[in-house]
Amino acid sequence: MFSTKMTVFLVLLLQSCIVLASDPDPLHDYCIPIPEFSSIFPSCKNSSLVTVEDFVYSGIKNPGDFKNTGFASIPVNSAVFPGLHTLGMSFVRADFEAGGINVPHYHPRATETAFVLEGRVYSGFVDSSNRVFARVLEKGEVMVFPRGLVHFQMNVGDSPASILGSFNSQNPGSVKIPNVMFGSSIKEEVLMKAFGLNDKEVHKLRKRFVPQ
Amino acid sequence: MFSTKMTVFLVLLLQSCIVLASDPDPLHDYCIPIPEFSSIFPSCKNSSLVTVEDFVYSGIKNPGDFKNTGFASIPVNSAVFPGLHTLGMSFVRADFEAGGINVPHYHPRATETAFVLEGRVYSGFVDSSNRVFARVLEKGEVMVFPRGLVHFQMNVGDSPASILGSFNSQNPGSVKIPNVMFGSSIKEEVLMKAFGLNDKEVHKLRKRFVPQ
Amino acid sequence: MFSTKMTVFLVLLLQSCIVLASDPDPLHDYCIPIPEFSSIFPSCKNSSLVTVEDFVYSGIKNPGDFKNTGFASIPVNSAVFPGLHTLGMSFVRADFEAGGINVPHYHPRATETAFVLEGRVYSGFVDSSNRVFARVLEKGEVMVFPRGLVHFQMNVGDSPASILGSFNSQNPGSVKIPNVMFGSSIKEEVLMKAFGLNDKEVHKLRKRFVPQ
Amino acid sequence: MFSTKMTVFLVLLLQSCIVLASDPDPLHDYCIPIPEFSSIFPSCKNSSLVTVEDFVYSGIKNPGDFKNTGFASIPVNSAVFPGLHTLGMSFVRADFEAGGINVPHYHPRATETAFVLEGRVYSGFVDSSNRVFARVLEKGEVMVFPRGLVHFQMNVGDSPASILGSFNSQNPGSVKIPNVMFGSSIKEEVLMKAFGLNDKEVHKLRKRFVPQ
Amino acid sequence: MFSTKMTVFLVLLLQSCIVLASDPDPLHDYCIPIPEFSSIFPSCKNSSLVTVEDFVYSGIKNPGDFKNTGFASIPVNSAVFPGLHTLGMSFVRADFEAGGINVPHYHPRATETAFVLEGRVYSGFVDSSNRVFARVLEKGEVMVFPRGLVHFQMNVGDSPASILGSFNSQNPGSVKIPNVMFGSSIKEEVLMKAFGLNDKEVHKLRKRFVPQ
Amino acid sequence: MFSTKMTVFLVLLLQSCIVLASDPDPLHDYCIPIPEFSSIFPSCKNSSLVTVEDFVYSGIKNPGDFKNTGFASIPVNSAVFPGLHTLGMSFVRADFEAGGINVPHYHPRATETAFVLEGRVYSGFVDSSNRVFARVLEKGEVMVFPRGLVHFQMNVGDSPASILGSFNSQNPGSVKIPNVMFGSSIKEEVLMKAFGLNDKEVHKLRKRFVPQ
């Protein structure tokens, strides 16, 4: 009996990703997904198995790996830190070498408040009428990036800079503009018409962003 | 008594924009803002003054004005069609000349369902891992663009094409990628680093998109 | 070990319907339920298995089957078009023969915007103080029906009419007034008292609406 | 200066109804609208002016006025009991003479839990597939009516009955089916076609429900 | 094949608690969890298996068991009354002997409306600026306790009192202040500093509230 | 004409507090309340008057004023930092002298993520079954406090400690347990019965917390 339908079923399940939930009011004090199977069924651990470690995250004490843009980030959402599940929050640590840049990007599902832990960071966002709000932030200053709006950050000091960003979604998502445009397989013709570029120019841009 | 504080107050008010509200469950059957003053106070018209015309929109029978991209759109949100106020929906009519393009853009506050009224439209979106989902839609087909994800449309037929888009927000917003990047006053250095372009290339792109 | 509890369990599961979710902010870019098992577990397909076809619906190019009221409708919710899952929208195609009617009904979980694709349609809704807002809509006009309010449509032109309705819920539901009253098994006494009818009159009405 | 625009403005405002808000998470501990002007501006009373009386409602100690259906109800929403404002709840007291009936109706914006204070009440609702769930409730029993679904109650005991209904919206709304159909000015032709009645039958029904 | 991973999996599942969901708009008319397995998978019963009994609760006709505080309560949330699942409401019956007290507590996820069924009850809440709103409620009066604020009730009459509380969440939760402070294992030093008590005083308080 | 009703009106308005709004999806990119009048009308500044300074907060570069508990906090909600208005987030800087304590408290309207900027902080929360989850956090660690649950923090290091807390509400509120219990005017009898204390003990506790 289990050999046919059930097998297919389990195979399908093991290929499936985390079940959606939503960011509104939680229905329980908390819900720690069962670690190994959280990707299959959205069950909460029996509360007797929950420990304080489920609610503490220790992975952002140090910077992440720097990319060639002089930027390193460690996004911490509910997939990485299960204690956030159903609680409507997540965060990110971002580090910048001198001159390092966090390229223009936006979070489709959250507002961000960014606190400067260290350094001087030129920081800004663009509203939907294409107006830019930007300035240099000093250590201890906080900037808010409204949900879904494009924003960017650049270390304009001489020493490393560091930022803690917080989000009001357990999974805010992140869309990097250069990558979504030139690092995806959007038809060349669309890009040429959209940016007014010829095919050579588009090729050149794509080379940089498409994983080779 | 009214001459000082009150005057300042009114002046400020007359400069203020529509008061925010939110897209969740409405608290009344409907709420038609008082026309002339909706931008100041979010009061609903007395229901005895409400008529059927408040709930009907007649301004998308014909295409809007075409731009040089061969594209015309008439977005209809609650600012244009007050009957939508508090009801959590809005819509847009989009028309395409042959080869016309709706450049890559996203709506920060809504999912869109796009119904092809006429023509053959290459249509797609990019998810946050930069994967593209696109194909040609025929008349009568519908594509869904998830909230906050970049999408685009291009008329690949020989005759005009037309689309009706619907949104689950009374004010979805729209961020056009080429314009937000090269039509805004984002610092040149940010753009150079983000796209790997030199200053000449950035200048050239900006010329096209910055209103002169 | 699997033969007892597990069997009962699977049997129960196979009888269960789609798991609830809710219409608020999505937690992922999208979530396509695993087709065959969506009715059992609300798992999302692994994104590598998702294709553009998951986001396109092609089943409303033509009218549905006409009933004796001269009306045909094809409601497209997340059960029919899984790509809508978690995205908070759905839609319906409605077609009317000359004189055809979409009887008074309401959607318990959504506002509707109705766009006239073709024809002249008398269209209206009733608010909770029993006030009617109705008029004839021409091709290209849009009427909004606030969430949960009774509305109706009737083709008053000489030729077929067609409407595209959009909803801000992935499963708006639909309650047809004549059917919920006289096509259900509500106690006769309740109906007699509610409408001030005698038993013969109720019998006659029921005959029409109760499936025989 | 105030004589022109300002006068028009005030006149319009004084005609306007309560400003919409919504039922989601409150942003303050509470918000008691300023009594006389709540219909104009949604301002909260200064907290120093708030008293315990703002949070207590004393108007349902006794039944309301009975109608000819042997039914009396006192709906208490945020318009009547301002302390409910922004808190997402409201309630109703319903009293039934022997045989009295609360005609089939629904609440567009709330679920209801109905607790029988006194008596024996036949109570039920109809789901959107026209299935009826109904039975007699005894004193102390509670029935839940899911949001937006048609429900009804009838005193089947020999003595008066009484119910306390609670809602998860500060303004649930109420649509009575007989009244919305036959007590509104829906076009006769729509009603004839919808219910399969001739004009005489519709006239007769309307006579009962249209305020004369 | 099922013997390893699958067994672990089932064991884990059988230890897991109810899957979270949320209190926003429901996506179906209703969703009755499958009784025996509701704790594992959040599947809804097939609607053909749903009966009127799923929507009626009969367990609060009489008071619950009285504690030594002269207080008895029967909280009815979706775990106890599955028909409430996804419908955003729940309720509680509270009974008081003369002098009985419902100690200061709050509900982290809901507003409460409390209706006095019988007796005279001193009733109040404290806002976040530590201001108290309290008075004696008579039979038939209703007090609203805003979401998340501390409130309390005490029978100040000579005879038993009884209250029906309703909540706008299917699982409001309840945090009793004396118990959360002195009945939990919060470090002694924290309590001493927080309340300005010495260790003896803390010990004495704890003795009363820690289950021995 | 303005001298009577209008004067009363303005007086009332000037006494009124900030108008409620809610934390769900914003309806605009942002909404900066008009500074001087935000407490009266919830109008947004005309966008041409909005500057980058509206979105940056500079007031938490240094600790706030320390209380006798060795604790200093600067809560930054939308009343203090108007740029947060409608964006669903806020934050707090908390500083601790050696041994300093943030007494047990909870936020009725938000989850908190607390990041240790400096020092070693014993940190914990209590769930609604009175179970404590606590441990010492090092610099760079983050703990999540689920919405509405009681939590506390104590500097257990030898040097000052500092924390940045973020919230998913523009106005989370804060209820300090010792103050809400013994610093408010809750009737003595309620406190005696709730905590099992005699009147002397209650007097002693109150002395500490009631502002004298």
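Every chain is named by a letter (A, B, C, D, E and F) in the order it is written, and numbering of its residues begins at 1.
We take it that a contact is a pair of C-beta atoms (placed from the backbone, for glycine too) under 8 Å apart; a residue touches a chain by one contact, two chains touch by 3 or more.
Everything quoted here is computed from the prediction, not taken from an experiment.
Q: Please identify the chain with the largest separation between its CA centroid and the CA centroid of chain C.
A: F
Q: If more than half of the interface residue numbers appear on both sides, call it same; otherwise different. Which is it for chain D and chain E?
A: On the two sides of the chain E and chain D interface, the residue numbers are mostly the same, over half being shared.
Q: Farthest chain from chain E, going by mean C-alpha coordinates, please.
A: B
Q: Can you compute the centre-to-centre distance for chain A and chain B, using the mean CA position of each chain? Integer Å is fine.
A: From the centre of chain A to the centre of chain B is 25 Å.
Q: Hey, how far is the Cα centre of chain A from the one of chain F, in Å?
A: The mean C-alpha positions of chain A and chain F differ by 27 Å.
Q: What is the distance, in whole Å, between the centres of chain B and chain D, each centre taken as the mean of its C-alpha atoms?
A: 36
Q: I need the residues of chain B touching at least two other chains; which ones are they?
A: If we look for residues of chain B contacting two or more partner chains, we find 2, 21-22, 24-26, 29, 41-42, 47, 108-109, 124, 128, 131, 134, 147, 149, 173.
Q: For chain C, which residues count as touching chain B in their complex?
A: Its residues touching chain B are 24-26, 29-30, 47, 50-58, 60-62, 76, 81, 83-84, 87-91, 111-113, 115, 117, 124-125, 127-129, 131, 133-135, 137-147, 149, 164, 166, 168.
Q: Taking the complex as given, what residues does chain C use to touch chain D?
A: Those residues of chain C that touch chain D are 69, 101, 103-104, 106, 108-109, 122, 124, 126, 128, 130-132, 134, 147-150, 152, 154, 173-175, 177-187, 189-190, 193-197, 201, 205, 208.
Q: Of all residues in chain F, which touch chain B in the complex?
A: 2, 6-7, 10, 21-22, 24-29, 31, 34, 36-37, 41-47, 49, 85-86
Q: Chain C touches which residues of chain A in the complex?
A: 1-2, 6, 8-9, 12-13, 15-24, 40-42, 108-109, 169-171, 173
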